[in-house]
Amino acid sequence: MVPPRIHNTALVESDDIGQGTAIWAFVHVMKGAHIGANCNIGDNCFVESGVIVGDNVTLKNSNMLFEGLVLEEGVFVGPHVFFTNDRYPRSPRLPEAASRYHDKSWLVSTRVERGASLGAAAVLIAGVTIGKYAMVGAGSVVSKDVAPHALVIGAPAHRVGWVCRCGEKLNVQNNTADCKTCGDRYVIEGEMIRRLELS
Amino acid sequence: MVPPRIHNTALVESDDIGQGTAIWAFVHVMKGAHIGANCNIGDNCFVESGVIVGDNVTLKNSNMLFEGLVLEEGVFVGPHVFFTNDRYPRSPRLPEAASRYHDKSWLVSTRVERGASLGAAAVLIAGVTIGKYAMVGAGSVVSKDVAPHALVIGAPAHRVGWVCRCGEKLNVQNNTADCKTCGDRYVIEGEMIRRLELS
Amino acid sequence: MVPPRIHNTALVESDDIGQGTAIWAFVHVMKGAHIGANCNIGDNCFVESGVIVGDNVTLKNSNMLFEGLVLEEGVFVGPHVFFTNDRYPRSPRLPEAASRYHDKSWLVSTRVERGASLGAAAVLIAGVTIGKYAMVGAGSVVSKDVAPHALVIGAPAHRVGWVCRCGEKLNVQNNTADCKTCGDRYVIEGEMIRRLELS
């Protein structure tokens, strides 16, 4: 049993942090946020109440995670990835817009599935799902769902290849693909890809 | 009379902060910055000397406001919006460029008008004006002025619709538009839109 | 001999900081990072072990410099520029990807040459070199090398002009160019430009 390691400048108001997780300088974790075991939470990150972070997640520096966000196990979040949770935001303090914030119907959830990677400074528009093991290029703007294992780049983000569970770009031939690093093999079915489970 | 609430890790060097304003963790407000009443200044924001922030403004986390910026009343600034104030910056410490910084002719101002919203990670090129109640999509790069009530996205940002004062996307028919949420009605005149003041 | 000035909220674990350098609030410089003389390191910056920063460099706020990065003398880094050092990142804690991080073959270096400028929120894909005195527009995504003195914008970044050492955009006529501010003259040779050394 390894307790979390928390830097002395970090503000951790949640008591729901998994064992072995490291929390670095100037981080702020609000009450009611869940962070799993064996995570690494880089300098200057902010985790709002209601956020769920699974085990083995790596957050590089300055990530701001807002209510409505779920990061599943083993996700990688590069530095300064931008999450959002309101598609048409206004200042709730503006009298003309106050009615929009009388309840939480403005809140839109976002999910990043197991093992996916988000490159530095990527922007996720509220409501998207990033499929398992997908990879989002640095600086991309993701405005619709990303398929598992897809490699997407650009603004708006579009698919330019496929990636293996291990992170390697897959070598594609016709309807099959394979990883030269770990040997995994895949079958491509239209806009989806499926890993072959070998016995 | 409600004094500002200032988190104990924040550095507030200005004495010009309005009543009821909340300033959160690791914020730095420099001497000579003006912040109005009833604002919310999220974690890690930085407000430089000379910046003017009106009443009822919401700054989400990690916004850096530099000299020359004016945010009018009720503006919403999503997380990590990027403001700039120099179109052709160099390190002032580089001898070859030192002459550029002998005076302040490099400084270019930016203005965001009443009730406008700036999405997460939007970039504003120095010198633009964002019209009242306009909405800038997350991750957009704004290189020219944005009309009041315009919804703009992309890099460079371009108009894809119109938004109401309340934040709702307007329903457009020919030269009129209306808001299904608050009932406001508008007239479109070329690249501008005008709200009808009902008696 | 002017010792570095270090704000009392900054965490400086390196003893390799040059004279006259200023380090501002909430900065974190790790052990083993090198920062030259007469630099300005703005609020919230993070400098990882192994990073090399030359003399006279200006880092605006919230820049995160990761291992493998070299900034030569007199570089300007706008607020929130995004550096990366891994082209296909995964969470090293994800069992399916752990083999990728058994050694440092994933690490890719980036270099910014003398006097170059990086605009706010620009993204540099790991492995690029920014030539001396080049200028990268705010919000650009740089995925390949940038020539000396080139002005690049967009995603992916592409060249739209040339800039002088002093930061001024050059006036181009046929195969020559000149600076209306400092009088420097240049010869354009295909996709490169060369400053004429006057006797």
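Residue numbering begins at 1 within each chain, and the chains themselves are lettered A, B and C in the order written.
Rule of thumb we're sticking to: contacts are C-beta pairs under 8 Å (C-beta built on N, C-alpha and C of every residue); 3 or more make two chains touch, one makes a residue touch a chain.
No experiment lies behind these values; they were computed from the predicted model shown.
Between subunit B and subunit C, two chains of identical sequence, the interface residue sets overlap only in part, with shared numbers making up under half of the total. The rotation that brings the Cα trace of subunit A onto that of subunit C spans 120°, given to the nearest 5.
Distance from the subunit B centre to the subunit C centre is 27 Å, each centre being the mean of its Cα atoms. In subunit B, 26, 44, 62, 80, 121, 155 are the positions where the chain touches two or more neighbouring chains simultaneously. Contacts from subunit C toward subunit A in the complex involve residues 11, 26, 28, 44, 46, 62, 64, 66, 80, 82-84, 88-97, 99-100, 121, 123, 125, 141, 155. Within the complex formed with subunit B, the subunit C residues making contact are 9, 25-26, 38-40, 43-44, 55-58, 60-62, 73-76, 78-80, 115, 117, 119-121, 133, 135, 138-139, 154-155, 163, 165-169, 181-182.
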